[in-house]
Structure formats: C-alpha cells, structure tokens
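What follows is a single structure, and I will ask about it in a moment.
A, B, C and D label the chains in the order they appear, each numbered from 1.
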Amino acid sequence: MTHLPERLLAGYRNFMSRRYPSESARYQSLARDGQSPETMVIACCDSRAAPETVFDAGPGELFVVRNVANLVPPYAPDDRFHGTSAALEFAVQSLKVKHIVVMGHGRCGGIGAALNPSAEPLSPGDFIGKWMGLVAPAAEAVSGNAMMTAVERQTALERISIRYQLANLRTFPCVKILEDKGRLTLHGAWFDIQTGELWVMDPKTGDFTRPDLD
Amino acid sequence: MTHLPERLLAGYRNFMSRRYPSESARYQSLARDGQSPETMVIACCDSRAAPETVFDAGPGELFVVRNVANLVPPYAPDDRFHGTSAALEFAVQSLKVKHIVVMGHGRCGGIGAALNPSAEPLSPGDFIGKWMGLVAPAAEAVSGNAMMTAVERQTALERISIRYQLANLRTFPCVKILEDKGRLTLHGAWFDIQTGELWVMDPKTGDFTRPDLD
Amino acid sequence: MTHLPERLLAGYRNFMSRRYPSESARYQSLARDGQSPETMVIACCDSRAAPETVFDAGPGELFVVRNVANLVPPYAPDDRFHGTSAALEFAVQSLKVKHIVVMGHGRCGGIGAALNPSAEPLSPGDFIGKWMGLVAPAAEAVSGNAMMTAVERQTALERISIRYQLANLRTFPCVKILEDKGRLTLHGAWFDIQTGELWVMDPKTGDFTRPDLD
Amino acid sequence: MTHLPERLLAGYRNFMSRRYPSESARYQSLARDGQSPETMVIACCDSRAAPETVFDAGPGELFVVRNVANLVPPYAPDDRFHGTSAALEFAVQSLKVKHIVVMGHGRCGGIGAALNPSAEPLSPGDFIGKWMGLVAPAAEAVSGNAMMTAVERQTALERISIRYQLANLRTFPCVKILEDKGRLTLHGAWFDIQTGELWVMDPKTGDFTRPDLD
C-alpha cells in the first residue's frame, strides 16, 4: 500500500506514464543546470486557478508563490518569518526573474472573507481574518458602496487588491530599483473561473481587459 | 498589444483553445458550486515541481500553498500576518479537506541556502535567511556530518524538513483534533526532479519509498 | 547418499545439465590458460547480493572477495593473516585487474551491527564487533543524528563506508601507484535488494546515482 | 556516462531486464523479511568458481565468504580484525545456518603459491605469502614428495587444505558445540574447473568422490 490519497497516486501514475517520458530530457537538464524561470507568479491557493494550468506551463517556466488571495505583505525587514517576502527575494535576487505577475481570480474565498469581516473567525487563531487585514481599508471602502451588487463588490475588490499588491511589491527596494532600470516588469491578471477568460491589467490605467486571442 | 509576457500569452492561448473547451462544464460547475478540494498541498515555489503537474490534477482538485522550501511555521496566534497559517486554517476549517500533503523536492534552493547560512544575504532584508531559519537546527546537525557528500546532506535535510513540517502542522489545534478523530490525514512526499520519481513517506517510520506503479 | 545439502546437490545438477554444456569450451579454456579477469569485486557475504547475479557474470569474469559489509582493512604490512589484503595483492599484482569495484548493499547486517554497537556480542570472541570497528568512527557520527530515521542512517553509513573502503584501498602502495598511472580504476556501487537497482558512485563527488539503462 | 566498467553495466542490464522481473517478489520478500540462508559457503575468490554458479543458487540461498584459497584462520579471540571469523560468527550465531561448506577448486593460484614459497613476494607487504602460511606445514610435506607430479601435488594440497579448514572451523566453540548437538553440519567440496565436476568429501574418510547425478 502507499501512504498517499488514491487520487493523487493515480494522477502521479499518469504523470509518469504520459508526461514524464516526453519531457525527461527537459527534467534532466533542469536538474543538472538548475532552474532559471523568467517569470514569478503570485497566485491564490484556490484549486480552480493553478497558474501552470492557465498558462499551460511546463517544468522550469514559472516560479510560483501561492497564498490565500495572492497577497504581498509590504516590505518589513524585521526578524519575523515572511514567506512571501522570502520567495520574492529569492526570485528577484537569486533567480533574476524578468517578470512578476500578480494573478487574482473570481469568486475568491479570501476576498469574500474580507468583505464580510463580521463573520465568526474560522478558528481561535483567526489567521484568515488577520491575513485578509492586508486589504481591509479597500474592503471597507467597497463594502460601503450600497449601489453595487454583492457580485460587483467582490469583483471590484479582487481587482483593487491586485493593484494594491503591485504597489506593495514596489515597497521592496530590490523590486523598485530593477523596475526603474527596466530589468523587471510587473503585471496584473485576473482569471474568470467560469469562462476560463484571463483579464490582463493595463499598467497605465489599471483597467482589466481580455487579450486578443486571434 | 497585451501587457503580459509573450510566453504566458501563448500558453494562455493553448489553454483556451485546447484545455478549456474539454473542461468547460467542470469550470462552470466549479464556479457555480464553489471549490471542494479533498486535498491541500504545501509545496515549494520551485518552477520544476508544480503539484498540478506531478499529480496530473485538474481544476478543483488541489488547494495549493507554495512558499520557499514548503515550510509550515508553527502555530503562533499573535497579531501578525501568517500566510501559510491562513491558508491552512481556510483549507481545514472552511473547505474541510481530508488530506494535507507536504511535498518537498530534490535540489531545493531554500534547503541549499539553509545548509550554507554563511553566504551573504540576498538582500539587506535577508528574508530567505530568516525564513529558512525555520529549519536551522536540523540544518546545523546535518551540516556537521562531513562524511556525507553535499548532495547527500541536501537530500537528508530535504526529508528531515518534511517530517518537521508535518510536526509543525500538528501544533495547530484544528489539525491535531481532526487528525485524532480520523477526519484528516497528513502525508509527506519528495519529488525527484531528475527522474520524475515521487518518494512517499511512511507515516510510521518517516522513511521515503517509491510507490508501486504497476 | 551424498554428503552435501540436498538443495545444493539439486542446484549442482541444474548446473551440470543446463549451464555447463553450453559453456564447456569456456571452462576448458579457462582451465588450460588460467583466469584473467579484468575486474575484482569486493562484496558482502549477504545471500541476497551475489556479484555474479547482479552483473550476470560468467566464469572467468569477476575475481571476488566477500566479507561481512565489504570492508577493506587499511594497509598493514605486519606478520598477521590478512585475507582481504592477500586477495587484493593477488588481484592487482598477479592477475593485473584493471578495475576494482567495492559493492555494498541495502539492509546490510554488518552495517546494522555497527550502528548498534551496544548490542550483546554474538559470541565471546566478538568478531563482528571488532570487524565492524573498521567503520566505527563513521557509525558514531551517523548514529548521533537523531533527525534521520533508522533506515536513513543505515543507508547513509552503507554509502559512507563504501567511500571509506575506497580510501583504504588507496593506502596500498600498489593500488595507489597503478591508479595514478591510469592502469587501475576504483569504483563504488550500492545494490538495493528490494528493487534490484544498482546505484553507482560518481568518483568526483562520491554521490550514488542509478545508471541509465536505455 | 556511468562510472562502471562497460561489461559490468551490460551485465547489470541483463539482470534488470531478464532475471529481476522474474524474481522481484523474492527480492521484495527478502528485503522485507531479511535473509535466512540455510547454508554458508567458504569459497575462493577465483573468477572461475563462483558458488552461486556451481550450485545454481538464487537470491537468499547462500551466505558466502570468499578469500584466496578458501581458508579459515583458527579461532583467535584477540583484538585484531578477523574478516573470515566475523563472517563465521555472523552466519552461525545470527543467521543460524544449518550447513557450512568449504569449497575448494582445481588450479587454485593460492595453493600454487603455497607450493612455491620461494617465489618473490608479489609486493613488499607479501600478504599472499603470509596468508598462505596458514597451510604452510601441509604445503611443505606435499612439496617434499618427489614421486608425485606437479599437478598431483597441487590437487593433493587443495584437498588436504579443505580438510584443514574444516578442522579450523571446529576450533570455534560455537561451531563445535552446534555440530555436537546435531544442529550444524560441515561439508567439504572441490570443483574441477575443466570438467565442471564437483567432488564431495566423505566426512568419515575424508575422500572426495563425484555424486551420482542420475
């Protein structure tokens, strides 16, 4: 017997029988030479929005952080453990990625929780409540708008939050400096789970539109 | 023009022309009914070890946290931002996942950094140094064994660390209680980038072996 | 009746009826011309790891020393009986082998005894205890790592020991001189009894990997 | 590339493609349950006389010591390294084998060296000279018999030596005690490389005869 959920074992069997044989040379060179992805993606943990799926990415292409609601805590050089900051530092300083994409998505549970902060904490630690505190000011502003529907407020906060995270990224000196030198580009994107559509942010206006696929 | 790296746009075109059409019903039901993944995976950001690839997972299957070296900080109910703890709380309390898999992998840059702590910080914030401090005691013990090769020390720490993260998971009351009730199972796995092999941890002994694929 | 265990007699009947007829010319020329194996193997006595089986070797191919845990005592030109040193001298100086392979294996009882030296001696002579004293320093160092599982410690010491034996081989002047001249090559290998896999040591790094079998 | 002689790699490929698949269950149970061979064989390093070949033995059947000329140094509970004594102790006390076979063979290089002791040492350490000193008295007696041909003297000493080694085995208290209790049986055998014939010793008379193969 194997100490792995049966579904995962079946999936791994597929990987080994179908995908790995056709990509073994790539895996071997990635093992030998190390990874050198050009892009870092900061995405949500949501099971419906994996970056490798949406971008049809193979091994070695995307360096991926995933946390609830694809957030970036602002620069805080204290003595605490900062998982997302550590990944950012590693991607920018060690791997020297050329692009960072903050990728949000529709129907995000974390954003939903931020819009309904009075709900009972999920556990005494209230980790989600505190984590989503990173977008609390924007959530309050959106919540107060009684003219938008609940769905509109959710989508609005999802997109506002992406713009916030891009701003937080620029609080890290290494990001700011490299972006100013033109060696690093920041991007925003929002994935619509229902339609499969990806909406891409215009860096000048902050608006999200669908790219031309033809 | 599109404000997205060209390679990502090309990948997204593949997704929309090939994958989405065959899974549109699934995406639509996942949008309508919400996600209900049975499994949470805590994996590394490494571009060569995406859980969706290794487990050939489709939309809705895996709730995925990715940070450098797939770490789980121990339970700390203070007023700070805890990204991994927030994801864990959400997966266990809200999504009620049945399985949590900590998935490490070979040639992990974070583990390598932990084994060479004297290297200069990647940036003044030294976020990687502090983050990998979560496995510092184990790293010191392994580093001291001059009879093992550098590769052997790296693999040893990668596996020791997986066992540590499983122990850290159990410091969260909600994890411990549900595991004791038999409603949540914890798993460890280690992915070999070169060979594509997944080694699965025996929960009793802590040893890693390859599952029978026949 | 025959004064031989029945199972051995049956096996010998198989040899005479099946194998010898197809190899009689080879045996006859090996008898007439003497042996001239290119390779010496230093292997363990373990019944599950015979070099002729693992290397599918025929008569005349491998000159084989087998002792508990495939050890090589360091060069000691005193007046004692040195079985392994005698075999080494004969292989290198008289047979002029071109390769020496130290072949260890998993689940080695001798290595296990070295890791548990406090166990009661097997007999008052404590020959195993003294023999395994050849790897005592490495065993102590590995035993002290409480973060590795018992199986991991065992495998680590099995591989460290192979590297030690290769170093001991080089304490013999005849081995050192011929290796330096490029006329003798030393190799390390580790056999996995469960999977039948052979892991081969990289002479530069000391790491063990599986050869490509395609 | 692989750091293994090409011939050995080819042989290992044969093992993995032909033999292992048909015996994988046996290897797996031997790995899981440990070895429990009924027979220990003390044989020569000679490349033409592998016990597994002559007895058509599979994994797990024979615990095998191989040294030059299949010798057993007499019991000497001092503080030195005794490889053969260690293997004997392990086989008898830990594995509890039921049979020990001392298997000599024709055209043995070690026996030939014992019969020509005036030859120059193979190396300054003269390990072969000292090791074959274990049969020096018998070698002297045979050498002095000018009526026997060189071939006859060689065969005579090969067989005398087998009887000596059986006597040396009985100097080990654990062997003597178990043999007296009827729980351990000692055997002598001599393999003819040219004809493939095995000659078995009669324990009462010490004579060697060929078993009936019908």
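We take it that a residue touches a chain if its C-beta (ideal position, glycine included) is under 8 Å from a C-beta of that chain, and two chains touch if they have at least 3 such contacts.
Please read all numbers here as calculations on a predicted model, not as lab measurements.
Enquirer: Out of curiosity, which chains are bumping into both chain B and chain D?
Expert: C
Enquirer: Going by C-alpha centroids, which chain is farthest from chain B? Tell me that one.
Expert: D
Enquirer: Go ahead and note the Å separation of the Cα centroids belonging to chain C and chain D.
Expert: Their C-alpha centroids are separated by 15 Å.
Enquirer: Whole-Å distance, chain A centre to chain C centre, using C-alpha means?
Expert: One centre to the other, that is 53 Å.
Enquirer: Rounded to a whole Å, what is the gap between the Cα centroids of chain B and chain C?
Expert: 40
Enquirer: Mind pulling the residue numbers of chain C that touch at least two other chains?
Expert: If we look for residues of chain C contacting two or more partner chains, we find 195.
Enquirer: Quick one: do these chains touch in a line, a ring, a star, all-to-all (complete), or other?
Expert: line
Enquirer: Applying that definition of touch, give me each pair of chains that meets it.
Expert: Contacting pairs: A-B, B-C, C-D.
Enquirer: Once bound in the complex, which stretches of chain B touch chain A?
Expert: Going by the criterion above, the answer is residues 2-5, 7-9, 11-20, 24, 27-28, 30-32, 34-35, 37-40, 45-50, 52-68, 71, 73, 75, 77, 79-91, 93-94, 98-99, 101, 106-107, 109-110, 122-128, 130-134, 172-174, 185, 187, 189, 193-198, 200-203, 211-213.
Enquirer: Given the complex with chain B, which residues does chain C contribute to the contact?
Expert: 138, 141-142, 145, 147-152, 156, 159-160, 163, 195, 205-207, 210
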